[in-house]
Amino acid sequence: MKSIRWEHFVLAFGLVLLGVAHAWGLFYAPPEAMMGDVGRILYVHVPTAWVGLVAYTAAFVAAIGALWTGRTGWDAGIEAFAEVGVVYNALLLFQGSVWARPTWGIWWTWDPRLTTSAVMLLLFVAVLVLRRTVESPEQRLTVSAVATIIAWVDVPVVYFAVKWWRTLHQDFSSPETVSNTMVSPLRLAAFGMLFLGIGIAALRWRSAYVRLADQSDAPELPDAPAQLHLHPDREA
Amino acid sequence: MTALVTVLWKDLLIEWRARSRAFSLATFALTVLLLFSFAVGPDTATMRAHAGAYLWLSLLLSSTLLLAQSFHVEVESNAIETVMLAPTAPAAVFYGKALANTAQLVALGLVALPATVALYDASFREGVGLMLPVLALGAAGLAAPGTLYAALTGRMGARQLLLPLLLFPLVVPCLLASVKATTLVMLGDPMTQLPSWLRLLASFDLLYWAVCGVLFGRVIEQ
Amino acid sequence: MSEPAPTPAISARQLCRRFGRRWAYARIDLDLMPGERLLVVGANGSGKTTLLRTLATVLRPSQGELRLFGLDPRAHPSRVRPRLALLGHRLGLYEDLSARDNLSVVARLASKPPPDAAALLARVGLDDRPDPVRAYSAGMRKRLQVAALVVQEPDLILLDEPFSALDPAGVDDLAALLVGLPGALVVASHQIARAAEICDRALLLDQGQQVWAGPARQAVSAWRQLHPRAAAEPLPAEGGA
Amino acid sequence: MDPAQTDAIATGMIQGGWEYVWAAYGVSWAVLLAFAAIAILGATPSRLRRTP
């Protein structure tokens, strides 16, 4: 049994990449035109958002695979990717709040992206809670796959609904305008975050798989028993 | 199609036979409405401006009870198994139940509407007739995912907790659009925004009536 | 049995079902011709209920092949399910409806003509009362289940403990009613002697596997041989459930 | 005041705010490292051994 797996390398590579990108973004890249140094949060915030969405989408794909095949591997995929998505999503909300304070003067606003990520977090936390609640392996697979599919489908709907809702009110300037000098560290950070996420998800998948397979793998069939032979005198 | 009508008829028959339950549900919805006026009041202008929001929150809170109940009657003595063994497609069972739940939610809305008028001094600048499509589309939006999730949590121990946990974040777009549309009907719609909100509600309904209908079969098969 | 080579109502090969890592039953081979009546005997937890629920297509088998009326029930549920009916431990009907309402719901779901509820209820020994079945006793529930079964006019009847909770007269009524029904029959019962009277064949399950199969009249002997302790005691049937 | 900074103020660029930047990065890194550690420790060979 080997103790170092490919996931460890991917994870470490992601961390190194992320570290380099963040050092670049924090110490070498110029301050952002409008937001100054606060704008540097971009290098952690945007990759978190991207990779979080990728993780949710992977969970959605795993959910379809799980419903289709009923296999434990896909089921473990739902769990691993939803976990990664939820952690990234929670970080995203925190970073967004911290960023909103100096730029907009508030911790929270009903901006479509912010609101959508909050709803998204609730949706996928509910999936994870659901998984802990169900005892039977087959039921857990079905139930969490269905909830994951529904949750993922809801994300764009929430976004457009909130966006529509907001357009009737004032809109904040979006931090979307990214100048050229910021692209390279941002891209590097995104890849670092992605590899980190892949490494973590793969490790979580492994431990989830072992735990789930322990509960649901087919055990050996029992040996065929000896047949009874009735004594003739006992016959009715 | 016949199966769908049978399931719908059966669900409404059960609710009619157990109408004392519907009565308690209506009382619950009205109580929630009343509580909002204590929590937010007594500023009449604020309350009037937010009457639509209170109406829909009251309906949303009541809907979890209604939806859980609609599946509880199926599982309490395992009647769902008889339904499954009948030659009915699961989709027919889903649409029958979802329609029955929509109808009950609309009825509940029609009970809560006069109370909203009385408690919050709500008026209908765009005509009270427009409330009917808003109620129907909003109720349908709560009923489709609600019926699916009621089936999903129906056999679990912690269903009272799980159903709202799953349903509430999901129906955010539906709630938002319903409240907006209701408020526009109540306070007037000078910029003709109502049709776009109704369109949003209709798209939400279409999406979830389709997706949940497909997934329902997997949820009730064991 | 004069028709040439009829399709078996049940044909199961190496049927297995597990819950998680526990086999509920395993390696079940079973053939049942139309009109045949089979008794399934076994101790509590021997897999009788799970087997019946699989045969009723409520549960999927984990392994093995199941054909009902020559069809794969997973592929043709709408052609198989109308032809079978299950009487389970639980009522399977709506607590808020009256007996009559429940029967018409069952008939409409099964696309059968509306039943003559009064006559049918009288046949199973129930009054046609308007109150919901929530207030019914265990024995009355069992009788109502039987009435619902008759409404469905099934070709394959699966009975899980049909005699439990019934008084002696009820057991006799039910046995007489069952003998009069057409179609194949599978009965799982602890009232072995009573159930054997209405069955042709029997099989004995022990921990999910078949350990004996033979004529129904030998079922009691087989049971006593498998559970020698029970030989000294009265049969579970006589003990009443 | 150096010219660049005067420029910055004239264009309305937000000044300072490093404490927010450190908070965002610090918490993010702490959480991600903790998550990675949990993932690694949850998938050690002994944890991945199947119960027979």
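The chains carry the letters A, B, C and D, assigned in the order they are written, with residues numbered from 1 in each.
Just so it is clear, a residue touches a chain if its C-beta (ideal position, glycine included) is under 8 Å from a C-beta of that chain, and two chains touch if they have at least 3 such contacts.
These numbers were taken from a predicted model, which means no experiment stands behind them.
Q: Listed by label, which chains are in contact with subunit B and with subunit D?
A: A
Q: Which pair wins on C-beta contacts, A-D or A-C?
A: A-D
Q: Measure off the straight-line distance from the CA centroid of subunit A to the CA centroid of subunit D, and report it in whole Å.
A: Comparing mean C-alpha positions, subunit D is 17 Å from subunit A.
Q: Centroid from C-alpha atoms only, then distance subunit A to subunit C, rounded to Å. What do you get?
A: Their C-alpha centroids are separated by 47 Å.
Q: Using the average of all C-alpha atoms in each chain as its centre, how far is it in Å between subunit B and subunit C?
A: Spacing between the chain centres: roughly 39 Å.
Q: Taking each chain's centre as its mean C-alpha position, how far apart are subunit C and subunit D in Å?
A: Chain centroid spacing, subunit C to subunit D, equals 63 Å.
Q: Residues of subunit B that touch two or more other chains: which are they?
A: 222
Q: All pairs of touching chains, please: list them by chain label.
A: By the stated definition, chains touch in these pairs: A-B, A-C, A-D, B-C.
Q: So in the complex, which bits of subunit A are touching subunit B?
A: Listed in rising order, the residues are 67, 119, 122-123, 126, 129-130, 133-134, 138-139, 142-143, 145-147, 149-151, 153-154, 157-158, 160-162, 164-165, 168.
Q: Can you list the residues on subunit C that touch subunit A in the complex?
A: Touch list, subunit C to subunit A: 16, 18-23, 26-27, 62-63, 204, 206-209, 211-212, 214, 217-218, 220-222, 224-226.
Q: What part of subunit B is in contact with subunit A in the complex they form?
A: 145, 148-149, 152, 155-158, 162, 165-166, 168-170, 172-173, 176-177, 180, 193, 196, 200, 203-204, 207-208, 211-212, 215, 218-219, 222
Q: Which positions of subunit B touch subunit C when the two form their complex?
A: Spelled out, the residues of subunit B in touch with subunit C are 2-3, 6-7, 9-10, 13-14, 17-18, 73, 76-79, 81-89, 221-222.
Q: Would you pull the subunit C residues touching subunit B in the complex into a rising list?
A: Going through subunit C, the ones touching subunit B are 56-60, 77-78, 81-82, 84-86, 88, 90-98, 101, 105-106, 108-111, 132, 148.
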